[in-house]
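Working notes, structure below.
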Amino acid sequence: MMTDRVRQILSWYAGENPGVVGNLARMLNTGTLAGTGKMVILPVDQGFEHGPVRSFAPNPPAYDPDYHFQLALDSGCNAYAAPLGFLEAGAVKFAGQIPLILKLNNSDTLGRHGLQPISAVTASVKDALRLGCSAIGYTIYPGSGERNEMYQELRELIREARECGLPTVLWAYPRGTGVPKEAEQGVDICGYAAQISAQLGAHVIKVKPPKDVFGQEEAKKAFEKANVPTKTMADRVKHVVQSAFAGKRIVIFSGGEAKGTAEILEEIKGIKDGGGSGSIMGRNAFQRPHDEAVKLLKDVMKIYAS
Amino acid sequence: MMTDRVRQILSWYAGENPGVVGNLARMLNTGTLAGTGKMVILPVDQGFEHGPVRSFAPNPPAYDPDYHFQLALDSGCNAYAAPLGFLEAGAVKFAGQIPLILKLNNSDTLGRHGLQPISAVTASVKDALRLGCSAIGYTIYPGSGERNEMYQELRELIREARECGLPTVLWAYPRGTGVPKEAEQGVDICGYAAQISAQLGAHVIKVKPPKDVFGQEEAKKAFEKANVPTKTMADRVKHVVQSAFAGKRIVIFSGGEAKGTAEILEEIKGIKDGGGSGSIMGRNAFQRPHDEAVKLLKDVMKIYAS
Amino acid sequence: MMTDRVRQILSWYAGENPGVVGNLARMLNTGTLAGTGKMVILPVDQGFEHGPVRSFAPNPPAYDPDYHFQLALDSGCNAYAAPLGFLEAGAVKFAGQIPLILKLNNSDTLGRHGLQPISAVTASVKDALRLGCSAIGYTIYPGSGERNEMYQELRELIREARECGLPTVLWAYPRGTGVPKEAEQGVDICGYAAQISAQLGAHVIKVKPPKDVFGQEEAKKAFEKANVPTKTMADRVKHVVQSAFAGKRIVIFSGGEAKGTAEILEEIKGIKDGGGSGSIMGRNAFQRPHDEAVKLLKDVMKIYAS
Amino acid sequence: MMTDRVRQILSWYAGENPGVVGNLARMLNTGTLAGTGKMVILPVDQGFEHGPVRSFAPNPPAYDPDYHFQLALDSGCNAYAAPLGFLEAGAVKFAGQIPLILKLNNSDTLGRHGLQPISAVTASVKDALRLGCSAIGYTIYPGSGERNEMYQELRELIREARECGLPTVLWAYPRGTGVPKEAEQGVDICGYAAQISAQLGAHVIKVKPPKDVFGQEEAKKAFEKANVPTKTMADRVKHVVQSAFAGKRIVIFSGGEAKGTAEILEEIKGIKDGGGSGSIMGRNAFQRPHDEAVKLLKDVMKIYAS
Amino acid sequence: MMTDRVRQILSWYAGENPGVVGNLARMLNTGTLAGTGKMVILPVDQGFEHGPVRSFAPNPPAYDPDYHFQLALDSGCNAYAAPLGFLEAGAVKFAGQIPLILKLNNSDTLGRHGLQPISAVTASVKDALRLGCSAIGYTIYPGSGERNEMYQELRELIREARECGLPTVLWAYPRGTGVPKEAEQGVDICGYAAQISAQLGAHVIKVKPPKDVFGQEEAKKAFEKANVPTKTMADRVKHVVQSAFAGKRIVIFSGGEAKGTAEILEEIKGIKDGGGSGSIMGRNAFQRPHDEAVKLLKDVMKIYAS
């Protein structure tokens, strides 16, 4: 059951305790992609982050917390990630059926808008243990003036989670005064976010699919000087993965805004070809009717498994 | 194996506990320069500080954390310094093979730009113990409006590290509203930074190679009045070393921006002639191909050993 | 050995614990002035406060931390005061030979310029114990917009130091938006600073020698109305000493900027005649060649002892 | 420098943090046996355990704490183990020159005689860090009525030491009402002690050389039924090593009471042939004159290296 | 003022912080024996330990706490040691005049008689700081069944005192079921007590003058085998001092029961000739009339100074 590829991935985390390594193994060995070293995770924090109607009105059954546990199971995801309330609501009913990732911090669009974003810590490592989770999740906004506070908060949460045998999944979204709005998904910015995440000690890194734009002039020059190609998604993903310790950290990519199926699958193919470890796909999944969502997720997994 | 010179250096730290003294000894007695009282340290925090593409694209194997441990070993460095993630990624594989310095605070160019720089504390003294490190590292920006916060944060970290037998290596980079941009490497500014570092209790002080410019009018007058020469690198290094308690603290110099080999070796010669304790050389090492980097580092060591 | 005068001075501090009283006694009973109730203290924080070249280039042996311990011993000072690094560097070598005062906060001229000065806390009461000190030192800038922060920080440090048997020596330098630059040493301002220091609970108060100028119009009127003379140094020192609880707190005066010997001794005579408890003399001592400095300090002590 | 054999040994400790693994590596890579996977450790706790005259009168220079640091260095030992006082007395002088093991608990023959022996905890993990040690040491007496207290005390010390990156060396001496006096070194008893030690989480296990006697009737039967040979020292050591997780823990053997050189070397050969990891040899070393001791230790190492 | 002998003694404590070293220096550099490396300490805990009438009725002024401070001063002792109450009663009046040692644990003859003696901890390290003490004192009874509790309590107190810059003076009185009553002062027992004290980390060790009897059969054999002479006091003291790390710890001897002057001086001469560091003399001092006591103490000091 333990494949050579998963063994290889776990070897990158030598020095971590068996609890942390075991939870990484549990996520890698669950679902349709079990053993392939690839992961597709269902994240549902949009109710908190964007509000319920924007998130769930397109597919009303998704207002129900149980819906997402079931969707993750039906589609064979490796894990399901959500804020405290969503996990608490279904964690007993689905206990032991799928690895859970508790997102410890969250932001809403009602408060603290603007240039120096920082999320609120809305759950604890102890909550993650209580709910039987396999990992904690945290979001940083490199580029925000509150960067230092986030990095320092994260440092303590990683430490506490590790002592409890839990790895950390880090959502890295460059945003704030330090990053031009139009370049938040710039290939250099995504690569930099992946590097920072790895340096901060994240076990699984989640960034947005990189675009062929640049956020930092000096970085652009470095790409050009070294002839690093950035034309295709595969090219750019390759850079991001390389930026995560030469690929020695698990890097997964968000699906981003809802879009058409063909476009999604095309993007996934690029991620796969660039060496990405997988996807974390929320709105594109749960805003579709259940069966369509399951089909999409299975098609995505098929690409990763190929 | 313990030379008179190393004994003499350790005597400057009388009153420190045997753990702190022992870790200083370990660094001084490792690698090609073991026993000479000189040190060459490989630091690799540029992935965090400047971003991955600017740092590693010139020599892509350097994206891999293992690369730097191996480079430090191959070239006979006294120690290897890096942020949390880079050390975690290789610390078991290279356990016990080379002294490690965990850089506890780090900054990136995505966030908190501007005139009052301060780095985020991204790792802890407990991390340093867990990873088997021989010292902690910390960066101060004298000249920043956040100076007091940094000095006070440092005070607590030095205290905690000492109780655990770990010495502190201090990166002192004058920067911010208090220092004219063009004089950040001014000979008076570098000397002042070395003095502040020593007064704050640093065990090893790292400054930039001083230039023949001045940042403070009153300091310039003092140089002139006392006829302190500043024309050559050796002259200027001599002042900086003197400013670090008449040379009774270990002072090492950064290599700064990547440049040509001849220029580097010329600079090293000046540092050596001025009485500097050694170099901490990052970009000039890891951005070269492996064998060139090893050769350069060995040539640098040859100068210090001469 | 315990003289009536010292007994009288200690009686002002009745209610303090024996540790605090004992350390005051230790300082009063050390050196040439032992038992006279007068004190001459060597302070060397200028390396931190003004930078090394301005401080030590006039007398290069003073770059060496050992130099100042030895100078204080050779000249028979009551105590030696310095920041953390300088004390750490010599505290074992000179252990038990002279009372030490650890300056807990310090400022440099590289950062945080401007109108609202506040020093960084660069050492702790625990450091003072570890280094075997007899007192802590702290600097306040009455007149600064950061005044409250300093007073409150000081309050906690005095409390902690007292619990450990350590008295507090307070440097009181009116400075900031609340005090006209030219009146920082005004007789009313110095007296006010002495009063604030005493009210804050300082055991030993250090102010600058008062000048015959005024910083506050209303204070000036009060001097005139009550016919308080301010023409001579003795007159003005008398007011400052009176402002420190009718002389029931030890008040010592800084030497200020380097100047000629005759001028210094004239000033000391004024302080002595006005009832000052002594001097804390840094630059005028350590910037002279060793033997001249010893002679000057001994001449100063002779005046106080007369 | 890192040999395949040492790599293999360290692989048994996967899941431990890099600090623990690094300190094991440091001990395995020090001295004459560096890299062989074998260890010879000098332990000097007999002054505490048996009293000074019995321990040091045979070779009076051994009263001096420095003597043992030097002996360990001169003979090329992998590490030196002693109680707090002996390490404190020389830890600065020999800082960084040889791995130190701080014995955290000790017993003397003046008190608490009798059937339920238990040692006093005379030093802490924090002491080990302060003194720059590479491991802690602890003694258990399986067979004592105080067994539970010891096991539980040990549990907490191993946990605290691990968090600080320190491995634990366990002295396992079956003794007390549960073990017949004459069978304290019985092959079954020694094997059982090794197993308990490994189960308690010890990283390095120290037992006495097993004799061809049995302490438990049922164990004797099991040996006979399975035809486990116990005639030679090699046979018996093989059983003890196997009992320590099929040899996946480092097991070293004490020298026991002082005896003749030939007898010692014969015993070492048996340990080596049985697969033991090495020796921890105190009285047989430090009670001989210095040069004889060095020669003996080197001869012992020669056997292990062969 | 700092003599070579005192420097040498302080060098034995390298690795201790400057506060600890400074307080040792303070005791060694106080009183008549200042600078000689010898110490005479006045201890007055007999009021607590034996009751007031037995202690003070022979010389009723000694009921007054002030009496003992004054006696220590008048006779030129290096320090005065007493329980909490006695020190509190005079510590302000005599503040800063003589080094004080606060005895942290004490026993009375009203309670816990019997075979397993252990003293109560009646004061704290914080009390020692509050009272301005230069050291803490603690009593162990090796040989008691409560040995482990005492050693462990002591371990924590030494640690806490060290962090506050205070050394530890250890009273080591073998007593209890493990030591034959008649051999409590046996030469082997006293040597063993000195060794245990040093191994436990005591800075100054106080034992009783050894007698030419033996408490342990095996120890007696070791003396005989090694031809260690024990006939004269000097012989026996030499063994005890050697047992304290070859003389690298300060060892002082109690005066024991009250006795005649000639007998006392004879004993002191033996201690001096055997290399003892001095005496701690209570009853033989304070139970004599003041002037006789001063004379006796001065005569004792004369012997040590000769």
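Annotations for the structure displayed:
Letters A, B, C, D and E mark the chains in the order given here, with residues in each chain numbered from 1 onward.
Here is the rule we use: contacts are C-beta pairs under 8 Å (C-beta built on N, C-alpha and C of every residue); 3 or more make two chains touch, one makes a residue touch a chain.
Note that this is a predicted model, so its numbers are computed, not measured.
Common partners of subunit B and subunit C, by the touch rule above, are E. With centres taken as mean CA coordinates, the chain nearest to the overall protein centre is B.
Per-chain Cα centroids separate subunit D from subunit E by 36 Å.
Distance between subunit A and subunit C, defined via averaged C-alpha coordinates, is recorded as 59 Å. A straight line joining the Cα centres of subunit C and subunit D is 57 Å long. The multi-chain contact residues of subunit C, meaning those touching 2 or more other chains, are 88, 91-92, 126, 131. With chains as nodes and touching pairs as edges, the resulting graph is of another kind, matching none of line, ring, star or complete. Applying the touch definition to every pair of chains gives A-B, A-D, B-C, B-D, B-E, C-E, D-E. Across the complex, subunit A is touched by residues 14-15, 17-18, 21 of subunit D. Interface residues of subunit C, counted against subunit B in their complex, comprise 47-48, 50-54, 56-58, 60-61, 63-65, 67, 83-86, 88-89, 91-93, 106, 108-113, 118-124, 126-127, 131.
Those residues of subunit B that touch subunit C in the shared complex are 12, 14-15, 142-145, 147-148, 151-152, 155, 159, 174, 176-179, 188-189, 191-196, 198-202, 216, 218-219, 222-223, 225-226, 228, 239, 242-243, 245-246, 248. Looking at the complex, you find that subunit C touches subunit E at residues 1-2, 10, 14, 17-26, 28-29, 88, 91-92, 95-97, 126, 129-133, 163-165.
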